[in-house]
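Both complexes shown next keep subunit A, but they swap its partner, so subunit B is in the first and subunit C is in the second.
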Partner chain A sequence: MEFIGEKLLQVVIALAIFAAVIGLIMLLVDRAPKSVKDKVTVAGFLAPAAILMLVGLVYPAIRTSMLAFTDASGNGNGFDNFVWMFTQPEALTTLRNTVIWTVLVPLLSTSFGLAYAVFIDKARGERVLKSLVFMPMAISFVGAGIIWKLVYDYRGPNIEQTGVINFFRDALGMDPKQFLLDAPENTIFLIIVMVWIQTGFAMVILSAAIKGVPVELIEAARLDGANAWQQFRNVTVPGIRGALVVVLTTITIATLKVFDIVRTMTAGNYDTSVVANEMYTQAFRAGEPGRGAALALILFLMVLPIVVYNARVLRKQREIH
Partner chain B sequence: MKKTKYLLPVAAAGVLALTLSACSGDGGGGGSTAGSEDCSAYESYGKHDGKTVSVYSTIVDIEATNLEESWAQFENCTGITVKYEGSKEFETQIGVRAQSGTAPDVAIFPQPGLLATQARAGYLKPAPKTVSDLVDKNWSPDWKKYGTVDGTYYAAPMLANVKGFVWYAPKTFKDKGWEVPKTWDEMIELSKKIAADDPNMKPWCAGFESGEATGWPGTDWIEDVVLRAHGPEVYDQWVAHQIPFNDPKIVDSFNKAGDILLNQEMVNGGFGDVRSILSTGFAQAGQPVLDGTCAMHHQANFQAANWPAGTNVAEDGDVWAFITPPIDESKGKAVTGGGEMVGAYKDTAEVQSFLAYLASADFANNRVKLGGVVSANKGLDPNNAQSDLDKLTVQILQDPETVFRFDGSDLMPSAVGSNSFWKGIVQWINGTSSQDVANSIESSWPKS
Partner chain C sequence: MTATPAPKEASKATRQRPGSDPTEDAQPIMRRVKTKLTSKWATAAAIIIAVVWSVPTFGLFVTSFRPAAKQVGPRSNGWWNAFVDWDFTFKNYADVLTPAGSQSANLSQYFVNSIAIVIPVTIFVLVLASMAAYVFAWGKFKGRDALFIFVFALQIIPLQMALIPLLQFFTQTLQLPAGSYAQLWIAHTMFGLPLGIFLLHNFISEIPGEVIEAARVDGAGHSTIFWRIILPLSVPALASLAIFQFLWVWNDLLVALVFSGGTADVAPITQRLAEISGTRGARDYLNPAAAFVSIIVPLLVFFGLQRYFVRGLLSGGLKG
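Here is the complex of A and B:
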């Protein structure tokens, strides 16, 4: 209790200080001479956000970049960490896996989500059907990892199976399989977990977008004699292109950063590691912060073009409307 | 548990007595004597009223409760509040917290390698002289070495465990007429016999799954074999990287352990094929010993806590254990073991006082009395050990004949000891050859 009280007091004090600072800024802005008032106002309101950005984003980014060129004891070692990353077989596997994840997860989740959204559009019980697929979104990645680990669980032949899939394999007279141990397909089994989670997200956004396609267009297409596929191909898809790009890029960024699933299910063993997991392992468990930072930097460089593309598409969309 | 009932009233009485004597001012008779009597053992630690020491470690659940109880009296008598926090993610989180400036005052490191990493990064404070003197007095020089990094003494040992016990069901052994093996060869003979005798029973069961630390129980196997087959000198050279990790002697040790672990006939009772070792949790792995689907299970003395509640751990009980037998008898009676090292991120008076208490024989006796653990502190009274197994473990630790070596993976740099060695074990069980595994671990050894 004493501990909680202490923390509460700290929160209250912090909030009070924050309010005081903002109040002070407002006051100063208000008092500024007329000639520069606009500029001061803009600066005054941007300053808190800018400072937080500097402290929370720009400074760590610069520090991480510098750390990427140091060894375990903090001395500069040039490009050694990057050489390690692109020569060690293990680190290369990590990079390869991340590429597989980033190609498969967005493609599969978006296609499944889109297909589902189209098929249940205006169907009976649409809301129920939607929530069924959306539900995994509510589960944390760690939770999903644990659930699927149990699904993939393995016991030897002639021993009672505890994993769902192996139970059915057993019932069908097949040998049980070590789903998480056999490379390279184990990466696919991990990817399934992420697809399971992200399909719901894709489906919800795309379903909303589909409902936004003007009915007149679809009717016009139908009158012109377009079949269902042609309607979908030539009317629906162009109509939801913006939403598709958002969904694809969002899932891609999430996938590049995937960490929890791999960590809970295999901890990166059996050739399943991905960049984010390896970054954490190197920086904090192996005591090689330089290697961790180098991996973080690579991850950043991989995400960057996607973010830029996303921003550009959104801006273009705004220009059209 | 007996102790719980006894300690709380005593502690309460102590506090009450202190309060009374403080209130009465002129210090009237009975109250103050009772207070000073209780606290006489703690006078040397001084008074630090209102001060707090935060402690962070890997110890959780019942073990954590016992640990907190073992310093409850110290808290009462010195006025220090100990804020304890245990986490299974300690090994990684301690690095995160030290780097982010939210390190605890005191951390209990289960691995000297991790301690060294933290000390070299400049986070830890050297141990105060009182602690260093206590360690000189109460521990063998070996133990002092584990807390020393680059010539500076940082951390006192706390508790100890003995690894390499082989757990078995005495009743099964008796029914089948098997003898507890005295040498490694006898153990292999026995294993072969079990494998041939009974198709429903495998000689061994094993499980190396432990979340992100998957593989560590396998490192214990390798360490046991290296020490028993090649002796303490080679073991020390191996751990200190004076011989490469892929030295033929080490590869040979992998192969020896592989005679059991990689042999489909030998493992893995109750769970499946050889590779099921990797998907079996280390805490569950021993259970088939009880139902007879496997005969033996290799695990440290703390396996005692992994048996289901009500299991009688005794020489004539449900399960009992023998130490992994010698391979080359000329190398002596060797055991590997582990223990915790207490390092500090602050050097305030109250932290130093707490460190001194943890290094004292008082603490060792207080904690061991609560059961489940032992200490290598020479001031420990063996009669304080609670179970037969604790007694056996203390005997082994205090026997001057015993060649004791600290768990090797815990001594190696964390890049190896808590990363590539674990991963290597995983690859090894998963089918990579001993030589390839040793080569890849060797290549991960930090250059500096």
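Here is the complex of A and C:
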């Protein structure tokens, strides 16, 4: 176990360096002459984060955008990478799959999460029931991939099935199915895994929002003779609109970037690849960084409208304050 | 608001509580009766969903304790059979955790790597993000709000866009040694900052201004205010961000694949797991135990600190 000591030492050294840097900043801020004190404070407190974000996000984003217009050896090739993306059948499949993912995952996760939040509201054992559905949030995509392989497991006909679903198909007299191999529906079976992970997130946020809807409003609707569905549609849903937008946005962004599930379960084979996975394959496996960068740029353009919308909401909030 | 209740239910309510004033008690009782009826089906549906949601994880848990012959090969069968013919073993766990058991899936080193990666990153992000959040909330400088919105918008840059140039920057410009934790620490910290600043800012900006003003009157400088007042008051927000950051970094695969170099010296447990689950082989029966080793830490963090976690989700989520 001697490797632990060596690794621990690296961690301690890193933390010590970090503490020294922060201590130095604090010292500078405190010792600054009064006339520039406020400016030095802002600079000192902001600089470490700002530098890291510039180097880690802003600069790479600009570089990648430029890289998208070069070929494998780094020479400019105009829009060739984008032409490749929108003409090659495999690349088109990747784009199609990404669209299916981003439509289905937010929609299904949010509906399940909302339904569940409504069902368990004030039910007995609410906390335990919530924990069970929320639990997949804590599990890595890789772990989830392995978990779901056990669910989708396939063995040839006439052998005892080891996968849960095929066991039930067997019991019902249906042929076993190769869930991860048969395109195009295998994409749906991967999507189910993501829905399984994200539903808990949607449920927790929406459940809190539902509890925030004024009781008097629901009461009034009930007294006016609205049934459960009408109460839900006309009072609860408008009351939690803000939370619904947040949940849909967050899950959509997470889905666009989804990578690990596909990577672990099919590695993008059998027509299941998505943009994020294909980007990794092209840039780091196939030696085509230009194509990878082009795919990343497309990903960015797909997320952009969502964030612009949210930034505008945020700006409005800050103007009110 | 004072619409008349449906006559039928009102009379039912009076019948149940003959002594009480019907106009006062009709509504609460009616509500209770109604929710009881509707919630029975709703609760049943909720329980079914909860079971469906838990079965996959439970299946993994059971499988991880099943002997190799029951998992793969001609005599294997589904994990639910383990309850019919009782047959459990700890051998899989012994095999994946000790070097002697198996060289192909020895996880203990990777497990230590995951811990060595996640702890510094969490501390770095918490300190740097709270410093920046403090300045965005209470500092005064030109373009503060515009800059803050820009930081918020950085959340959208897909990691995929940052990876190639950042890798070049690390190896060529900074000459960071390959196969050390440094690349992973720095990369994860960079990627964690925008959301961290955003979440903490929401909390820190709501600290009452009088507290800070009072400290300033007493002669406290910015660094004193930050360490002695802001951080202690922000503990709930810091706790939830810490849990978040911990889970993200622990569960990450993409950053690890690009920056770790893939050796047992540095690579985290998710990366090892992805490797061994990607290759079908004779040691497949070790995958469930390996997977469970990798998810036990986040599960413990999750169940142990669930309260802060949910609060953190809400403070960031609902306001954003």
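Just so we're on the same page, the second predicted complex is superposed on the first by the 263 of 321 C-alpha atoms of A that agree within 3 Å, B and C clash if a C-alpha of one lies under 4 Å from a C-alpha of the other, contacts with A are read in each partner's own complex, and residues count from 1 in each chain.
Rule of thumb we're sticking to: a contact is a pair of C-beta atoms (placed from the backbone, for glycine too) under 8 Å apart; a residue touches a chain by one contact, two chains touch by 3 or more.
Predicted model, so just to flag it, every value in this text is computed and none were measured.
Undergrad: Quick check for you: in the superposed arrangement, does A:Leu92 touch first (subunit B), second (subunit C), both or neither?
TA: Once the two structures are laid over each other on A, A:Leu92 reaches no partner at all.
Undergrad: Pick one for A:Ala20: touches subunit B only (first), subunit C only (second), both, or neither.
TA: Neither partner.
Undergrad: Could you tell me if A:Gly225 is touching subunit B, subunit C, both of them or neither one (first, second, both, neither)?
TA: After superposing on A, A:Gly225 lies in contact with subunit C but is clear of subunit B.
Undergrad: Pick one for A:Gly287: touches subunit B only (first), subunit C only (second), both, or neither.
TA: In the superposed model, A:Gly287 contacts subunit B only, not subunit C.
Undergrad: Considering only the touch criterion stated at the top, classify A:Thr64 as touching first (subunit B), second (subunit C), both, or neither.
TA: second
Undergrad: What is the contact status of A:Pro157 with respect to subunit B (first) and subunit C (second): first, second, both, or neither?
TA: In the superposed model, A:Pro157 contacts subunit B only, not subunit C.
Undergrad: For A:Val29, is the partner it touches subunit B (first), subunit C (second), both, or none of the two (neither)?
TA: second
Undergrad: Under the stated touch criterion, which partner chain does A:Ala267 make contact with: subunit B (first), subunit C (second), both, or neither?
TA: both
Undergrad: Looking at A:Val204, would you say it contacts subunit B, subunit C, both, or neither? Reply first, second, both or neither.
TA: second
Undergrad: Between subunit B and subunit C, which one contacts more residues of subunit A in the superposed model?
TA: Touching more of subunit A: C.
Undergrad: Counting contacts the way the document defines them, which residues of subunit A are shared by the two interfaces, the one with subunit B and the one with subunit C?
TA: 3, 263-264, 267, 280, 283-284, 289
Undergrad: Considering only the defined contacts, which subunit A positions touch subunit B in the complex?
TA: 3, 71-75, 88, 90, 153-157, 159, 176, 178, 180-181, 263-264, 267-270, 280-281, 283-289
Undergrad: Mind listing the subunit A positions that touch subunit C in their complex?
TA: Result: residues 3-4, 7-8, 10-11, 14-15, 18, 22, 26, 29-30, 37-39, 41-42, 45-46, 48-50, 52-53, 55-61, 63-65, 67, 112, 115-116, 118-120, 122-124, 129, 131-143, 145-151, 160-164, 167, 196, 199-201, 204-205, 208-209, 216, 219-220, 222-225, 228, 242-243, 246-247, 250, 253, 256-257, 259-260, 263-264, 267, 276, 279-280, 283-284, 289, 292-293, 295-297, 299-300, 303-304, 306-308, 310-311, 314-315, 317-318 of subunit A touch subunit C.
Undergrad: Quick one: which bits of subunit B touch subunit A in the complex? Just the residue numbers, please.
TA: 83, 91-93, 95-96, 99, 114, 117, 120-121, 211-215, 268, 270-273, 275-276, 278-279, 413-415, 418-420, 423, 426, 430, 440, 443, 446-448
Undergrad: Under the touch definition given earlier, write down the residues of subunit C that touch subunit A in their complex.
TA: Residues in contact with subunit A: 1, 3-6, 27, 31, 34-35, 38-39, 42-43, 45-47, 49-50, 53-57, 59-60, 63, 71, 76-80, 109, 112-113, 116, 119-120, 123-124, 127-129, 131-132, 134-135, 139-141, 145, 148-149, 151-166, 169, 180-182, 185-187, 189-191, 193-194, 197, 221-224, 226-227, 247, 250-254, 257-258, 265, 270, 273-274, 277-278, 287-288, 291, 294-295, 298-299, 301-303, 306, 310, 313-314, 317-320.
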